[in-house]
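Structures for review follow.
What follows is a pair of complexes built around chain A, which joins chain B in one and chain C in the other.
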Partner chain A sequence: MPLSLGELGGAALLLALAFSAWGLVGGAIGAIRRDPRLLTSARMAAFATFLAMTAAIAIMEVALLTDDFSVSYVADTSRVGSPLWVKVVTLWAALEGSLLLWGWLLSGYWALLASVAPNTPLRPWALTTMAGVQLFFVLVPALIAPPFLIVEPVPLDGPGPNPLLQNHWMMAVHPVLMYLGFVGLTVPFSYAMAALITKRPGSEWMASTRRWTLLGWGFLTAANVTGGWWSYEVLGWGGYWAWDPVENVAIMPWLTATAFVHSVQVQERRRMLKAWNLLLIVLTFSLTLLGTFLIRSGVVSSVHAFGDGPVGPYFLAFFVLVMFLSLSLLALRWDQVRDRADLDHPVSREGAFLGTNLLFLALTFAVLLGTLFPLIVEAVSGARVTVGAPFFDQATLPLWMGVLALMGIGPLLPWRRAPDQTLFRNLAWMTGAAVATAAVAAAVGMRGVYPLLTVALAAWNLASLALLLTGALAARLRARRQSVVQAVRRYAHENKRRFGSMIVHFGVVMMAVAIMASSAYRVDEQIRIDLGGSTEWYGYTLTAADRFMDATEARVRAGAVIDVHRDGRRVTTLTPTINVFAGQSMSVPTPDVLYRPLYDIYLNVAANIGPDQEFVVLRAVRSPLVTWIWVAGVVMAIGTVYALTPSAGAARETRTSKTEERAQA
Partner chain B sequence: MSVRTAPHPVRSPFARIAAALLIAVGLASGSVAAQPTAGPGAQIELESTVFDVGRQLRCPTCVSESVAGSNSAIATEMRSEIRELLQEGRTEREILALYRERYGDWILLEPPREGIHLWVWALPAIALAAGVGGLALLMVRWTRASRAAEREEPLDPDARRRVREALEESA
Partner chain C sequence: MKRFAYAVVGIGVLAFAGVLIQRALSDSLVYFILPSEYASEPHRYDERRIRLGGIVEPGTIAFDGDELVLAFDVTDSIETFAVRHRGTPPDLFQESTGVVIEGRFENGVFHSDNLLVKHSEVYEAPEDGTIDLEELKDALQ
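Presenting the complex of A and B:
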């Protein structure tokens, strides 16, 4: 009898288990004994693990695409009638498969690191740490949540994936981005551990992982934005962020990673904050584990229910182990990582970075507390409490405002100490822009502290970006005869990291304004339209032209056909729909959206649509500027990619930026 | 360790019926159909208030959604109830109090600022204050050392600057 796919997949995982275990043990022994042959062999284990994990993924995809229901994961989550793309992404539609994907992506990073990392004293221990993390992420699919169990007798069909996940193509993108982010931040964590083990806590480990860190951060950012867009397109309430536990555990590592991306620069330039940076990366990595524990163990309930499984306690144990080992290591090396007192003045670039760090940590704390509070209270007193969106909004908004304020001032401050005159001139411009904008906004009828503060801070930041750019260009324009466009292009080309950060910051400003407008000026209405009748909705005429019901093998759906007119001209036809997927009892909405730069028309079916029913009930949402959130996400991604692209002459870049700084100071 | 939260008990008979409806039909339609056809103006304002109130209430049978966010039967029912209460002239505050009486503190998405809930409001503020205080202390200590070094500096400032720049350049 030929081997079944389940057996082959299980075998591939066992091979990966053996290889990653060797990567850990062989790597550690090799690093201690400084044995180059052992180290090479442990490096090869990275490639071998990657091959074995790739085989496991390929086998699972084959099983999914060929409807091999003898494989337990396929039997639990797939269906014969699903479309091809749904079958492909079913790989990460449930717990076992998505952890397999995590393990595979991690092995890819490990193998990549093993092949491109320069041979420094840090490399052996960095690769060994990667191997240790990898071992856990192979152990989970191999033993704890196995996707390759053999099902006997073989079922003819399965229930299909979670309906929320087969309803939008974004599901093919968002989880992968999230895992790429989590996995990407494992690299700086591994180098941090290597730096502690080898007693080299200087900035060497950061210099080696600068690109990896930024890459991981970029993926996390993109993952959170695409998650928001998925929520907007699928959940049917017209929002994109609900402070749901799953969203909270996804944003927490992003918050600490953002703090980390900024504070590494302080250590690179000023040799300060050694211990702090190590702590931040440990925290970031641990939070990805804690988050996975929280949502996979069912201790917190979430609307993004991906099914819980047996892995919770293991993630908790791994979280505790990682925290214990890395913090003990940090304590052991305390003498080397302690900062010497060397801050010239609080009003300086490093001072601003310290403030930003504090704000991001406070944000992380508020989100973590809000997420865990119901658990803690229930454990202590048995009382059931709820901590919902209004709490998170109120607790985090002042901090976000602080972040925006510092984001404007920080990049303008020179390192060490700001000369009073330049500082006051810059501040005068920025404050002027902020006050003028807030005054205009108030004059056109904008009310409320946070909306006004947000537009003021947006102007403050735009002024800051303009000042940064003119400051950098003025010297160039004076020195060489070139056009402004040429100068900007040359500056952008020669200072990729700095210019990339400006693009990202611009994206943040866009996003802040869009979030403010879409939440503070949001309008919800439940409207009933008789068939053939119409209603006015913010300048548009919505006409209920028809309703429909149809059934395919994969799903039953019912929906309304709404013609949208503006000034007598037909704009579009929206068909908000409600679906029940085969094999599932839950109904899932598919809202339909007319995307517009000022405000979207968002329609969702709000009540049953029956054959003898002569009206449709819809939920209409108008949230201004919401589209700009997704645009801002793209801008941030572009900025990150720009900062990541290698500069034409890296040496020249540092030289020019230094001269510039001197010119500025 | 991993205690799975049981589906939250539904207390009022009204809610229990609604929950049964949810399972049977998937969506409620009855009370919604009775609602008068929406017109512009005051109607939009009323509707927005309904959702504003809904955003502060937890949908009792949902996993983690608000009454405004959920499309479930009970959330739709609760929105109609809120609409009726608003039409009767009740204020937002009164409606929230009503639901709090019926379901307990648990129904409020914004924890009340009293009792055990005080902790969730106070701790972030305390943590931030501690962070600001700690950072300020550290900054004073760090800058004091550099100020002292400056005072005792035997070199003239210009020479010092050149040494520093040379150090930075080599780093």
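Presenting the complex of A and C:
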């Protein structure tokens, strides 16, 4: 009798379990005994684990695509009638599958690291740490939340994935980006552990993981932005960020990772902040585990329909284990990681970086506290409370403003030196730009401290970027006879990291302004339109032309047909819809959005549409500049990719080292 | 000396953040209570935004389609209060379902701007009429 897919998948996971266990044990023994044969064997375990995990993923996809309901995960989350793309992404539509995906991506990074990491004294322990993390992420799908259980008798059909997830293609992208970010930051964490174990807490570990760190940070950034866009397009309230626990646990590792990306530069340049950097990467990695525990165990309630599973306590235990091991290791090596050097002057590049770091840590703490506070209150007084979005806005806005202010100054300051003449000139320009912009904004009718402060700081940052660029170009233009365009291209080409960071910072400025405008000037109303009638709404005429109801095998939907006119000309037709997916009781909205550079018109069906009802009720949201949030996300991604591409100098280095290798061979 | 100065600055920043957080928290805690809990100490919740949980009393639902105001009574079988919700009845809103509404009490009427239907965990009152409030609260949470 041929083996079933469930048995094959379970077997693949058991193989992965054995291989990653060998990666951990063999790697550790090999590293202690400095046995190159053992180390090579443990390194091979990375490839073997990756192959086994790939097999498990492939088997699950085959099971999903062939509707094999004898596999428990398929029976619980898939449906015969779902479209092909939904079946493919159903792999990460529920707990068991998404943890399997996490494990697979991790094994991919581990294998990649095992093949490309240069043979340094850090490599054995870094790979061993990766193996340890991998072991946990194989244990979970293999034993704790198994997706490959065999269902008897085999059901004919399943309920299909969570309707919120099958409602938008973004769901195919966002979770994968999130896991790529989480997994990417495991690499610097592993190298940090290796640095502590081998007593080499210099900047070697971060130099070898610079790319990985930036890559992980870039994926996390993209994941948070796509998550916001998904909320906007699917949840129907016209917003993109609600400070829901699920969002909070995704932003926390991003905050600490952002601090880390900046503070590693201080250590590279000034040999300072060794312990701080180690602590930050430990915190970043642990926060991904703590976050998974919080949202997967049901201890905090969330509007996102995340299934509770059995994995919560295990993630908590792993979080505690990771914290305990890494912090005791840090304490054990305290003599080596203590900073000998001191800040020469607080008004310096490293001073600004340190300030930003403190702000990011305070932000993390505020978000963590807001997320956990309901638990604390219930434990202490028994009262049930929720911490609303106003808390997060009040607590974090001043800190965000501080981040924006320092983001403008930091890159202009020289390392270690006290301020000089140029600094005051620069500051004068930036302050002038900020004050002038705020004055213009106030004159055209902008009110409120934060909106005005945000545009002022945006101008401050743009002035700073302009000064940085002109400062770098002036010397070039004087020295060589080039056109400005040529000079910019040359500069950008030769300073990829620096120029990439400028692009990212520009994206941050865009995003800050867009977030300010879309939240401070948001209009959110319920409007009722009689069928055939129309209503004026912020310069647009909305006409309820029709309503519709139809049913396919996969879903039943009802919606309104709204003609949108402006100045007598037809702009578009929006069809906000409500869907009920087959096999599910919950209805999910599909809002329809008129994307515009100045402001979006966002319509969502607000009340049931019945066949005998002669009107439609819509939730209409007008949020200025909201589109620029997504554009800013793309700009930040482009900047990150640009910083990641090898610069001309680095490429030459690798080429020479390759030639040397060849010469040695 | 320098180190000391940095420590002072660092602690200053953290203290500032602490104050911000503390003030924000005291302003924006939203209590989740049942009608009887409100009735026992109304002054405690009168000025605050709260989340009120309960069951929709049968026969009290009225929807004004022109003004878009939904009126109904919410009860936990001990106390009952009138609710005015700005908005339309959501999907699955009906008599005897569990709801959580967010808003404020004004003159004994709860004015809500957010209404959640807890359809999957409808609380069924036992036959003998005794109702376990904690159990109801858990079901609605």
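In the analysis below, the second predicted complex is superposed on the first by the 647 of 665 C-alpha atoms of A that agree within 3 Å, B and C clash if a C-alpha of one lies under 4 Å from a C-alpha of the other, contacts with A are read in each partner's own complex, and residues count from 1 in each chain.
FYI, a residue touches a chain if its C-beta (ideal position, glycine included) is under 8 Å from a C-beta of that chain, and two chains touch if they have at least 3 such contacts.
These numbers were taken from a predicted model, which means no experiment stands behind them.
> Using the superposition on chain A, tell me whether chain B and chain C clash or fit.
Once chain A is superposed (C-alpha atoms), there is a clash between chain B and chain C.
> Which holds for A:P245: it touches chain B only (first), chain C only (second), both, or neither?
First partner only, chain B.
> One more residue to check, A:A383. First (chain B), second (chain C), both or neither?
It touches chain B and chain C both.
> Classify the contacts of A:V523 with the two partner chains as first (chain B alone), second (chain C alone), both, or neither.
The answer is first: A:V523 touches chain B but not chain C.
> Considering only touches as defined above, state whether A:L15 meets chain B (first), chain C (second), both or neither.
Neither chain B nor chain C is touched by A:L15.
> One more residue to check, A:I197. First (chain B), second (chain C), both or neither?
neither
> Under the stated touch criterion, name the partner, chain B or chain C, that contacts more residues in chain A.
Of chain B and chain C, B contacts more residues of chain A.
> On chain A, which stretch or stretches are contacted by chain B in one complex as well as by chain C in the other?
On chain A, the overlap between the chain B and chain C contacts is residues 301, 342-343, 346, 355, 358, 362, 365-366, 369-370, 373, 377, 383-391, 394-395, 399, 526, 528, 578, 585, 587, 606-608, 615, 617.
> Write out the stretch or stretches of chain A touching chain B in their complex.
Those residues of chain A that touch chain B are 235-237, 239, 242, 244-245, 271, 297-299, 301-303, 305, 308, 312-313, 316, 339, 341-346, 351, 354-355, 358, 361-362, 365-366, 369-370, 373, 377, 381, 383-391, 394-395, 399, 523-530, 533, 535-536, 578, 580, 585-587, 589, 604, 606-608, 610, 613, 615, 617, 619, 658, 662.
> Going by the contact rule set out above, which residues of chain A touch chain C in the complex?
Per the touch definition, chain A meets chain C at residues 301, 342-343, 346, 355, 358-359, 362, 365-366, 369-370, 373, 377, 383-395, 398-399, 526, 528, 578, 585, 587, 606-608, 615, 617.
> Enumerate the contact residues on chain B facing chain A in the complex.
1-5, 8, 23, 25-29, 32-33, 35-40, 43-44, 47-48, 50-51, 55-56, 58, 62-66, 68-71, 76, 79, 104-111, 116-117, 119-121, 123-124, 127-128, 131-132, 135, 139, 141-146, 165, 168-169, 171
> Going by the contact rule set out above, which residues of chain C touch chain A in the complex?
2-3, 6, 9-10, 13-14, 17, 20-21, 23-25, 27-33, 49, 51, 65-66, 68, 86-92, 119-120, 137, 141
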